[in-house]
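One chain, subunit A, appears in both complexes that follow, with subunit B as partner in the first and subunit C in the second.
Coming up: the complex of A and B.
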């Protein structure tokens, strides 16, 4: 099982979901639509033995939020399943039921980027402080702290 | 303040406190470099325990609180609670460039100002990170401050006077 996955193998199994490319020596990237990502993860788990989640990364491209699921298996090849969500309504189905470690990543992404993961059992705050205002996502490119607004911590009057 | 009177027991407590200050370390959002240097103080190479300086896990046992780093919004209330648990007289040393002047975390969305926005700070220690001997020096300077406070009967003599009021010129916080 230590043989690396080739681009042809991945194209054969995941090619129907989107475009497959060799992003790096050890990383194969599959770009697809948001609604097919769940089937693609199930297919990667079953057909390519990618049963482990390495990370979920997010990037803000101003109009779209790019969500990338990095999967890995005993073959040590990283399969990156990438999708794009519109910035004004970022919403995607959770994968925490088929990949339980994804749950905590999704909480963090929800905290910092504001992507809603439908069906997540507890999408609570993870990184930001408890009194951080709702609807402010500090890692978005267009986010700026509003002067005069209370973002948590100790209030100025030091009571 | 306890131990400030001229009684025998008060003098004894004062002597014991200055002879062997117990410290507690609190990371309020530092990058851990300062913490590593403080741990280096406690390890055999510098070994502050031979001077009687003892690191305690609980703030309720401590005399001196060593705060490393800028205060993050999440840690602010925790730092305040830790400080409140220290028995009087309590002293605070802000370690590192972040604690003193912001450092690399200045102006970020998740940090407040330095520790002085949450708790009163007695000594600022610069350096990124300060060397262990500088940290020992800061603790020793804090002991000097303790002695002076005991002689003045409290911390009030160090308070900066308001600008209009003519008072005796005293330094506010000691700087190392």
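Coming up: the complex of A and C.
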């Protein structure tokens, strides 16, 4: 197993994309603009040997939706690339072509948060049932079930 | 021959949860796999946002009945780190004992399911009988066979008395002997060799490309194990080894899991023999700091489990994002199935130990004629696949 990555090493390779900070002894976080994420991931894959995608975490900050891509490699240091998208029009380019496991995570995020991943080969439903109403994203903070609306399952007979 | 779409799922009584596969096949060979997981979304992540830390732990145990301790520990250790709590050594040992017992019962369960999928029901009966020993031990410690509810923020709920430790230690030699038996069987048993060897093979490069985790990855020589890579609990202070294999097929995954059974047993024994004294929990603050964020990693029996936790200064989480090992493994299953026989679907899918289910009902559709019909899980298992007349058109 290789040595852990240091903050300096990561700043050297990814510093041009955004602010680099040490979140914990083996977690380094880089915050950046949405349009640089893809290049940053390619750079992390190439220069920092990040060969695996641990997860794509999502959080709703009301005005913005946050996406955090956690990458890891033989150095066993988690590089978290974070970005914010505007809640009213959350859109970002897919990374499923450069990191195949992202495909299924992006489908999940699209389902629950309504973030569109441009260029995803099949952004179909994954988590929510097929009769779930379009345009409702249950993990957003402002989401509340609307009384009287049908959210799937068996329809109650209202006779 | 025209491609045929075979929906597999969503219900199957033998496995735990529902999932729907659309298997595109050319003759007996699989071309592509599409997955729909939408049958079991229970909104646990959303529910976790509205419960305080005391109530969220039992909720998280119910993410999965088999690896309930994994979810609760993963969350508890994340929150404790955010609260900067020092957890007593004794509690860490007890958490580790339960975690490794859980791994043993999960792997024994898997071995039984895999044996059942290839029609080797004797092994299924044996492993599930031996699993009962592990379940009994867990019940003795926690009072429950599943959903042990051992964790609290700040430590564990109940202690292991010296008598309990003694009685558990007495039962370990039998389990050890049985595990030794499975090691021997895996090496020489003809049925297992024939049905497992070369099936669902994934190379090291493919595992890395498709992001598989846990025993699936380690069976292809990808030695990622969160217990060693990102040490938590007491894994960096007790003797154990990461088990890997180079075969990369279902056989390799079997060997890795049997090897891990041995390692887990060793760890349980070591922890029980060296259980330190002292308290089992500390008083935890009611609230977690504002703006806290942590990615908590945990090696669950099926692979690496990730909880992304954000706190906001209250007694509830701002956000809890759970990435389960099975979700990470689906991409590799879809890859492993390509160009394999339809008959190997059960065992390849079972080889990742999915925390979701397959099916007893299959609808076969012939695109050319538009005909559909049913085939049973048994027919699929035995490699027979024929289209019976049906009325539905896909």
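We take it that the second predicted complex is superposed on the first by the 156 of 159 C-alpha atoms of A that agree within 3 Å, B and C clash if a C-alpha of one lies under 4 Å from a C-alpha of the other, contacts with A are read in each partner's own complex, and residues count from 1 in each chain.
Methods note: contacts are C-beta pairs under 8 Å (C-beta built on N, C-alpha and C of every residue); 3 or more make two chains touch, one makes a residue touch a chain.
Just so we're clear, the structure is a prediction, and the values are computed from it rather than from any experiment.
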Looking at A:76, would you say it contacts subunit B, subunit C, both, or neither? Reply first, second, both or neither. second
Should A:60 be classified as contacting the first partner (subunit B), the second (subunit C), both, or neither? second
Of the partners subunit B and subunit C, which touch A:138 in the superposed model: first, second, both, neither? both
After the superposition on A, what does A:108 contact: first (subunit B), second (subunit C), both or neither? second
Between subunit B (first) and subunit C (second), which, if any, makes contact with A:154: first, second, both or neither? first
With both complexes superposed on chain A, which partner does A:51 reach: first (subunit B), second (subunit C), both or neither? second
Per-residue touch tally on subunit A - higher for subunit B or for subunit C: C
Contact-wise, after the overlay, does A:128 reach subunit B, subunit C, both or neither (first, second, both, neither)? both
Once the complexes are superposed, what residues of subunit A are shared between the subunit B interface and the subunit C interface? 128-130, 138
Residues of subunit C touching subunit A in their complex? 34-39, 41, 43, 45-46, 208-211, 224, 228-230, 293-295, 297, 304, 306, 308, 310, 318-319, 321, 323, 327-328, 330-331
Residues of subunit A defined as touching subunit B within the complex: 128-132, 138, 145, 151-154, 158
What residues on subunit B touch subunit A, complex-wise? 71-74, 76-77, 80, 109-110, 112, 117-118
Residues of subunit A defined as touching subunit C within the complex: 1, 23-24, 26-27, 51-55, 57-60, 68, 70, 72, 76, 78, 80, 99-101, 103-105, 108, 112, 122, 124-130, 138-139
